[in-house]
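Each chain carries a letter (A, B, C and D) given by its place in the written order, and its residues are counted from 1.
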């Protein structure tokens, strides 16, 4: 088990380095940071001086080496726009994104599994068809439009929910949480729905497909032959077996939840990393862009690792293969 | 469940009940049967077909070529749909800020969205299946490398990949892309963003098949094992791949819309369906609902129909579900 | 009947009663598209940031509601000789940390604003020498007369020497710094507000400075500023009453805001001029199907373009009435003789004829660069232009791109990589000279290398430049205005640029709030009053 | 004579398909007495498994029992409400499936699966159920059952898993066990053990066993009586020794001829030409007629009904004519 974890950890580091290289390479195409830092009437001497102070005149390989060296120590430099260490900014913004992403995932899991199980067990019922249609409509419109429609309905027309921000947050050490205030919860609702909608559809469809698959297996037939109650068969045996692949997918999707929160955060002005990233892209704030990607991939590989380990907890067959030396 | 209760197929040692041609015809007729049986599927198919026809014959059906700036009259801008008080002929669904006929824009935008979506999905599917096959078949280091690349890839939001592809294309082309190269960029970006799921699915299926006897047998008689496996693996993965593909088609079209947010989508002079929604989004509060509503309905209808078809196809192609 | 009457009376009494009470201190919630990036007042020359800084920092001068220069930390000033200015500083002013404000702080700030890392180098000329006469008197010596010396001093904010020294912030935070700058996260100004909390890019809370030297014109105790970058969300937040002021309101949403019961839009002309420019310098355009020659070098082609564009239609359709078509490259508020100029009429037939005369009876193809997230409806304006030019046979290939990419491409560092472009310009000095020098002057002037640096198409007329030089040193306002007029007439005759319009300022303001609208689009909430 | 444990009367099972209704079981009748082992034999698709599933009530859509009746110790069970039938399954009828590898839920310990079944059908406490599970595992021949009970299915070999499956079928002391090809998926060496286990358990507990297989060897060794099925019907039924030594139905003859040990070394193995018809294309008359070497006109028109021939019963016109001529 330890060897397995270690091996995956080493692979994770490899992944991070690769992300670093790609992240760094692509920023050369993002635009000119200098023109975002100075007024349009700044002289070219001024611009040149800033270019130089940013080290943008150095050869690519020098810039990259410096970047990698710093990143390895979790030093991502100072944001061009905010003149603050990027690591501080990320630390400040990360709780917002993680709370949103986790909340959206839980929401998606909860409704996705319920709807998926239902539409697998009652395949031909009207309700199952309705679920499928509703979930499909959810992914048929771009996220930003769904967000705006929600805002229009619940903030502007009904005045029930806040249209932007996180509400009041409480600091727990460096972690800021919106989960301890009413306004925080209210602020979380619409962004979570917007972000979770796509995942919910995905989970629902996956659960349905897996469940149908599992219900056809011999051990389910055998369970019926043993006279187990329908409830025990569906929710004891079939669901548990269904959830094994679902865990993997949800874990894998968590990375893309965080990535997709870029759009949700922008629509709801959710002060998370995604919003920071969007602002950074608009302003060619390379240190933030690079650090964001590395952070996201760090979160992703961590989740991936956790999923792998969780998987072995759920599926005893894998436990055997993993504990054996490779 | 039901399959188990069905009579077993003919014994292995008995002569094959029917030649391949028969099998194919039976499959086709089975498909058709299950197709006819599902009214929703028929509706979805008709809608999908309709959308494709509309896209193909857009120039014949549109009162205006929305991609030709000379045909746009600013004077005709923001006309509401024909049936409303301020409606004007020939603008059935009204016009947008630029005097673009919304109906024509939808028809032409549909073309772009379908092309981008389909090519993107085909590209990502081909890439994913190929890599999944390679990873699963060769295993070991090759597998590790490909799957780690997949990990890296998954950390990158499609938007960023598109920015990267776009950036490279721009630097190569001197920061000026015509619509065709923009289209290619989008297809590449979407393809590179979505291949991982295919690869994972195919890979796991290959890993299962790899150890089966027929692979060894095929190798013994000198058949190329990967080809044999492909023939066995692909039917097994059709279901998941189709599910992924249908969801991805929706995703691809929507991603394209999101990309135009960041200036990497289709040019606004040649808007796709997604771009139209993105533009129309701005006029929602202004009460000019038709600029976003009709493209939105068109997009939602298209994606819904394709997904329903995909769902049906998944069930119909899955031999166990029949 | 009587019941209704008594209700009315009760309401009236209540109203009078409320009005009679001293206005209680309010919290004002404000949302802007842009962010408050840094609290260091020398690092970002960007209007939203500057407007925020103006609440906590003050310059020697300030501008009033009509943008007239008024005294601030300098009570008064005079020019004993053309190259020497004397400033009398306000006494009894204290920084937020309690330190007194003196001449040392001015001299320190003059150094700091011109130090490496500052973004405000042009606000204080390099040749200006600051001399302390006494604690409350400062002399500024110049090499040459400069009538517009203090034109940008309202945004040159005075910092505390001691505080900067104590906190290792003597120089403005360089972008390449690896440690955070104290001054970018903390402030110590003299202004009417102080920072209570600051989360960069998210939220900033200002509270009233009880020790401010002036008499407050607001009734606020606190300002909560939030960035809301999405247009629709910002409008929604105003409509739902979650914020009191938003800036900007997208033009298409103005009607919606105005029709809502609790908010309205304050509109006014802005100082930024939006214009089109053409590459008039290359021998062959970078993006065109015309090879071997540059059609824009032919004045008839430029005139044809000018006349083919219907700015009035752009105003009514694209800008929804919220623009002021402009004949000049400067806003009328900034140049007294603006009204002497009228825009040549929209005349597509003449344009077509001119094009034919120039040898392009069937038009030609040209690429156009346009930002899509910088100015009000920028991409839509460009699309409209594309349509209008299509009607005279010119096929324009529009490349609308985010500002980050746009500016990287078209500005000098990008090699002026454009053939036809849309740009907006606000003279930071609020003076015509800046326009004439920066965007209408010939590039690569050996005597003045910064001339024409933002002249992306390099419209060039030596006669014009000669007038620009005269304008710089002319101190007599009337004569100066005449010189500017002569120059602009040349520019128009040459069709060097195609000015389109001044876009409008549009703030969404809750009906509970009264705030003056300033044409430079600075939301200055120390003039705001909010009722319960 | 007491009522048989299982009595199947004229059973019909139909499947609704897109090409119309297929009759998988058409008029099957047989009894199994207490402690008796009935072998059901036939080619794949003859309807053996469907019969078993019909008895235990696991025919799912699109299939249904369309006629006849099934009696369990005199109680009619084919029309019980689903919940009642569920209580019969596992409690009064145990079932063993073909593939032990897939019959057990891989995610649950075998003990949990046994205990779950026990608790479903009895009022035992957790501890009692666990004890009973251990006893059961011991009874089916799993060594160190107190340890193995906490193992996962993948930790057991195929034979051991089938033993677990048998233990599961025995949980509630059922009157009838349906074993559907219980050894097909196992190694030859293990097959014999499992067969003898089933036989022993049936004897010890007095349980009736319905053993579905296509392996005549197994039938010969294990069963008291045998039913030969062909295309959804019983072709011949009778005591196992009789049927093997003296098969009456031409199909049964062919089938017995295909058993190497029984056919004797000097004889060539008999092969039946052709293959069983698909359900959608069952010929009129006797369904075996296209393959029958003794076919005559009537076989192509009339459907033969079972005829008693001593201890055996056979559905063949040959014997009908024989009786006619004899009379």
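We adopt the following convention: a residue touches a chain if its C-beta (ideal position, glycine included) is under 8 Å from a C-beta of that chain, and two chains touch if they have at least 3 such contacts.
These numbers were taken from a predicted model, which means no experiment stands behind them.
Steps from subunit A to subunit C, minimised over paths through touching chains, total 1. Overall, the chain located most centrally, as judged by its C-alpha mean against the mean of all protein C-alpha atoms, is A.
If you compare A-D with A-B, the chain pair joined by more contacting C-beta pairs is A-B. Centroid distances from subunit C, each centroid being the mean of CA atoms, peak for D. Note on chain placement: the centre of subunit C and the centre of subunit D lie 90 Å apart, centres being C-alpha means. Separating the CA-averaged centres of subunit A and subunit D is a span of 54 Å.
Put simply, the C-alpha centre of subunit A and that of subunit B have 23 angstrom between them. If you average the CA atoms of subunit B and of subunit C, the two centres end up 46 Å from each other. In subunit C, 232, 236, 239, 373, 402, 405 are the positions where the chain touches two or more neighbouring chains simultaneously. Multi-chain contact residues, meaning those touching two or more other chains, occur in subunit A at positions 30, 148, 152, 218, 221, 281.
Contacts with at least two other chains are made by residues 1, 4, 170, 262, 281, 284-285 of subunit B.
Only residues 56, 58, 86-91, 94-95, 97, 99, 102-108, 116-117, 120-121, 152, 154-155, 165, 168-169, 171-172 of subunit D touch subunit A when the two sit together in their complex.
By the touch rule above, subunit C contacts subunit B in their complex via residues 231-232, 235-236, 239, 250, 252-253, 255-256, 286-287, 310, 313-314, 317-318, 367, 372-373, 379-380, 383-384, 386-391, 396-402, 405, 409, 417. By the touch criterion given at the top, residues 217-219, 221-230, 232, 236-237, 240-241, 244, 314-317, 320 of subunit A touch subunit D in their complex. Of all residues in subunit A, those touching subunit C in their complex are 30-32, 34-47, 49-51, 53-55, 75, 77-78, 80-85, 88-89, 92-93, 148, 151-152, 155-156, 159, 162-165, 266-269, 271, 275-276, 278-279, 281-284. In the complex of the two chains, the subunit B residues touching subunit C come out as 68-70, 72-75, 77-78, 97-99, 170, 174-178, 262-263, 267-269, 281-288.
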